[in-house]
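One chain, chain A, links the two complexes that follow: it is found with chain B in the first and with chain C in the second.
Then we have the complex of A and B:
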């Protein structure tokens, strides 16, 4: 077994089962670390809780909803304005968050009455919103408030409103992943099948496991709409509550993040016979394959091909400009769950990067299986990493860049490793053909930042470099090792899109395709 | 003309101004050298607080979790604390101080944290770490009581209570800064230095603003040492600058060691800084030097350039921590501005009797409201539905969309201010803070005049 023991974790031997280095000729059976087990207390793990997995990751990207957390104020405050899931209704769900503000007296005497008052107050403050989600927290789970009963009571009194309840307290599982599961199942049990949608196309799908980070969902649905497909709902980024109640009427579930949303896709298959098609919006080839597969399913491959051809012709020269300059650069791919396998192979193939480590905070063994299958020999894979292991790995691997979260990114900054935000992105979106170029652009900008060049200099040393010019540019740093042919290429070019690549999509007009005779 | 103090009318919270108590205790924990706190509760209680610290300071701070899972919630989770302490000590050899910070979940299930600490001392520490100095400190901060502010107050007291000892009484003072920024601590230490006064500073967080060094060695952490904390018992007086963020500790020291407590004022603005310096003189007998008179003069000069020409009569809403909000409101009044709405983000029953609030009530000559237990909807609803007109908002970044959506300039001040660069580096206290605040407010109003083409030509000559 190619288990990797960190020096810093020798005192907690069970950690040895959570890291592997993929060895020569080894199969997955040899190289699979333990995953999704209880966290070791005091290890300074990076994991979140099941409440945030349910509410923050999956619930709140739903855009036309009052999102109330039933508990003390902190859970609400802490998960508010810490992600970038935008929406096309002026970001209502980013701007407004609600807490029932449970206090000591409610802990003693119960908080159900308080919850009901809260619901009524919130609908009164936002009379245009008629939909609500309520999230249980540790405190209200432990005192045993019957949130479902209160929601039912209000729905009876106010027939125009609809309320969804998610019982996923913070302690429910080893990480945020427990919350993903709970809200998936709660949604299909409570809400799917309660709205009958208007069908406007011969091709109808749900887009599942997509959270519209910096506009990802809008980029992807743009392709689907150009193919003449009706996207009944998105679970949940930029998704509408009533759209998601109508998921049962789709012909196909297109699944993006299998870690957080495969549960509902699987249930839709079992209960409504809707097939699940796993796709990937990251990377030219995976994305092209995905659009082609969707086209094949509906028998409209030609429409997919037309889009793929157009997009690749537009963006390939720009992606390749970066690929030439990112060749061989070492990456620690340290996201939360599924991006380790969404990104691992295609950043190597399409950007020339070399993945030297993958980790997952809340992924399961299945995610590691896919991730490790897609990386090269010698790659270090870590499950539920902790602060010291991360630092030890950075010291050992000396990567050129790290893709991780905001706070670990600050740790990387101190040891002078450039960081990109793997969860919320730097200047995304990163999905779609253009998005993938934006990602490559951000990686390039991070690695070849002149400031990064300066940060390694010890000015107290006599042999500190002497600058020949009063500045440097990224190009001066990246192009010195390139061949003349690449450097002077007239076909390759840098990213030519704008700061905002998403808003314009909202104004776009789509072709109408003739419906088949029914 | 009246100033009413009232509690928010609704029971719920729409867009909270504060987070909960454990966050305050965690902020105290990162201010202490060789200290890593363990938050006893679900992992989100730590992960998100670390995130918000990193958003505000653009730095990472170390805090651990006992990682409460379902089994612990059902059967009790004291064992998780024992394991967490052991794992932490084994892997972080420099750690000497471990606050055990409770949360709503572990307070409800009734875990006996004090009992666990006794047990750990008798067993784990005695057997496995006999030669190591380790301090385990229980901090009871259930999330359903108070707010991050009271959590801070409780935690400062718990730390002081644990360490303070009377050995050799000294001329030093204790300076409890309250929940402030590195820029504030720097300014306060500067004032003390000019006065030639030595202090135990709780907490030395100037070092939060840490560098990137060529060898990658720098980390951000607080620098208040165990020696400083022990020495709080020897001081000749305690200055708790923020009434709601340190008074409990000051009162403890007064009661236990008869160290006089000087509570407040939050030294925001010229007048409150004057009072602070005069209090220092009174207690220590040291004169206020000419150098500070000169600094004061520079500040007065800067303010004179701005007040009656640009700041007079500007209507301001201020939200956040009570001491900050009151201090800012007092300063605004000195600057001829009209703080028409103050929003205090929790339900502390002492606010209504605060002498500073009483004084405002007795003296303002315009209509003003002070809302306790406030949320952001108290502000937004007044603007959106009740015709409140404002020229300026002062508060932290969580209120940013009110400023954006209603086109009202907003000076980011307090915690957190993640949507503006580097604000933690600048003081709001002292004469330096007075200059910074007034000039930032003025520049924001100038940019707003230009943006809205509202008498932007006024600045052609100035």
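Then we have the complex of A and C:
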């Protein structure tokens, strides 16, 4: 598996250790990109900082909490509302963000007094919220503000409130992943075991590493509730603060994103003897297997099977409609961390796509192991690429679409590669059976958008071609190479779900199952 | 946290891959695990050793119609991964249905050696021995 050196990075020789092409007959034991290292000076990384990883990725999806950053307002602003982790309490944690607005004078004279004033003001402004997380930032970490002491003072003055302190300033790791780690460990050290939950089912689990992007968590917990499982907590999407304090009472930790949350799952196993089951919530087969495994663990496989049969019967014809039209399309799978391995194989198997490159901004070598294991020979794997490397890879690989975040996504658009948001999604949720079809629909719409016919014409040039032939529609473009049998199929159909596939789940009534005699 | 230059200086001694008379079949099973499973990629070597040993042992027991120990919640978690994998092995690689129990045991031991090699002994992942999660 040869290392790959980008032309644009020859002046940064260390970068060669961060990219490989999966070679014929070679294995993970032959080559693996470096990962989770300090960004190399001179390489303009697309990573976030450790504060961002702790607050923006892991902390803020917790729904019934005032999330306050102790630092300059820019830290909070830049981590506000850019990821769509909705919640079923009117998106409280998305609507409001808080900062202590630290200025130069506070750097000189200290900002603890300012912090306390802000905490009290925030609780007063939102009297219905009794929980808070305070996030350390670089500036206040460097001046040595004692956030824990202030939090303790407030909790003594306001005994009905509870405060969690997340000490993960931006410089506390090579990337956002350092922040994921810190908040995982801080939460289990400070908060797990401090609330005793009411157990309402014989089957109790935590759902770990799931952030409710556009409703993913609600789709998955809908399945679990239909199986009669009590989801004690979700770490952290749409999760409640007190639910997460009770994680120690679960019988099983179901782990979705091992990159962001395996730390707490591992510690829950070591400290509370709760087993960890890694699952894939994306893709029909991986999801069906995941539900079956959870069902088998609890001895209720029949309930899982009933859901799987119902969902696949409903959605398979729609997934297959898109698969016929996406067959062979080349993908650069360039998400942040876990989706490179969650999606790598199943988008090939179930949508007919061909992954030509995987990359990760903040993943560790373990993520690359999983990703490279799942892709085909010839695939380019890159760790922490810079923008020029991304452009060079697009030029070399000529993908039909790129799945990535906003920053590289906008760059890709400029070189006319359709981009789909792999972090916050375009029209998610993408988890669940219906969600997987929504994902296929979004891919189809991106690749076959009629806009690409016009976007390559430079109308600033005098000799630009005159556009007088009219546009081809998406269907005209996608169906021109299909057989009559497929084109005129009466069983295959496009996505037929609604615009909003989540809100209806909040009103759903779930079956009650008789409890076993204790 | 490592610096790039410090890490690049560390070169792991290459470990030889295990060899087995049924390597072609083991290749197929290994490819299936690598593309479809997650259990083999826990973050530390001691976890990978336990996962590989327990899940592949239970898979072998299922394939050989032997009793499987389900006495603890941890056993049940290993078992659920093993059940799905054993079913997939039988469905995708019908040659396995024609093997004797001894042959299945031998293939599964070879498979465990291969997975141990790829994920632990031959792995280039430098985080595997980090003492803290």
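One rule holds for everything that comes next: the second predicted complex is superposed on the first by the 500 of 518 C-alpha atoms of A that agree within 3 Å, B and C clash if a C-alpha of one lies under 4 Å from a C-alpha of the other, contacts with A are read in each partner's own complex, and residues count from 1 in each chain.
By our rule, contacts are C-beta pairs under 8 Å (C-beta built on N, C-alpha and C of every residue); 3 or more make two chains touch, one makes a residue touch a chain.
Predicted model, so just to flag it, every value in this text is computed and none were measured.
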item	value
Partner chain(s) touched by A:174 [first = chain B, second = chain C, both, neither]	both
Partner chain in contact with A:490 - chain B first, chain C second, else both or neither	neither
Which of chain B and chain C A:374 touches, first, second, both or neither	second
Partner chain in contact with A:407 - chain B first, chain C second, else both or neither	first
First, second, both or neither for A:468, with chain B first and chain C second	neither
Between chain B and chain C, more extensive residue contact with chain A	B
Partner chain in contact with A:40 - chain B first, chain C second, else both or neither	both
Partner chain(s) touched by A:251 [first = chain B, second = chain C, both, neither]	second
Touching partner for A:267 - first (chain B), second (chain C), both, neither	second
Shared contact residues on chain A - chain B and chain C	38, 40, 173-174
In the complex, chain A residues that touch chain C	14, 17, 27-29, 31-32, 34, 36-38, 40, 173-174, 178, 185, 251-252, 258, 262-263, 266-267, 270, 273-280, 285-286, 289, 292-294, 296-297, 341, 345, 364-366, 369-370, 373-374
Residue ranges of chain A touching chain B (in the complex, touch as defined)	8-9, 11-12, 38-52, 68, 71-82, 94-104, 106-107, 114, 117-118, 121-122, 125, 137-139, 141-143, 169-175, 387-388, 406-408, 410-411, 413-416, 455-458
Residue ranges of chain C in contact with chain A within the complex	1-5, 7-8, 14-15, 17, 34-36, 38-39, 41-44, 47, 73-74, 76-77, 79-81, 83-84, 117-119, 122-127, 133
Contact footprint of chain A on chain B as seen in their complex	10-16, 18-23, 36, 38, 41-45, 47-52, 54-55, 58-60, 62-70, 72-73, 80-81, 83-88, 90-92, 103-105, 108-109, 142-145, 147-148, 210, 212, 214-216, 218-220, 347, 377, 381, 397-398, 400-401, 405
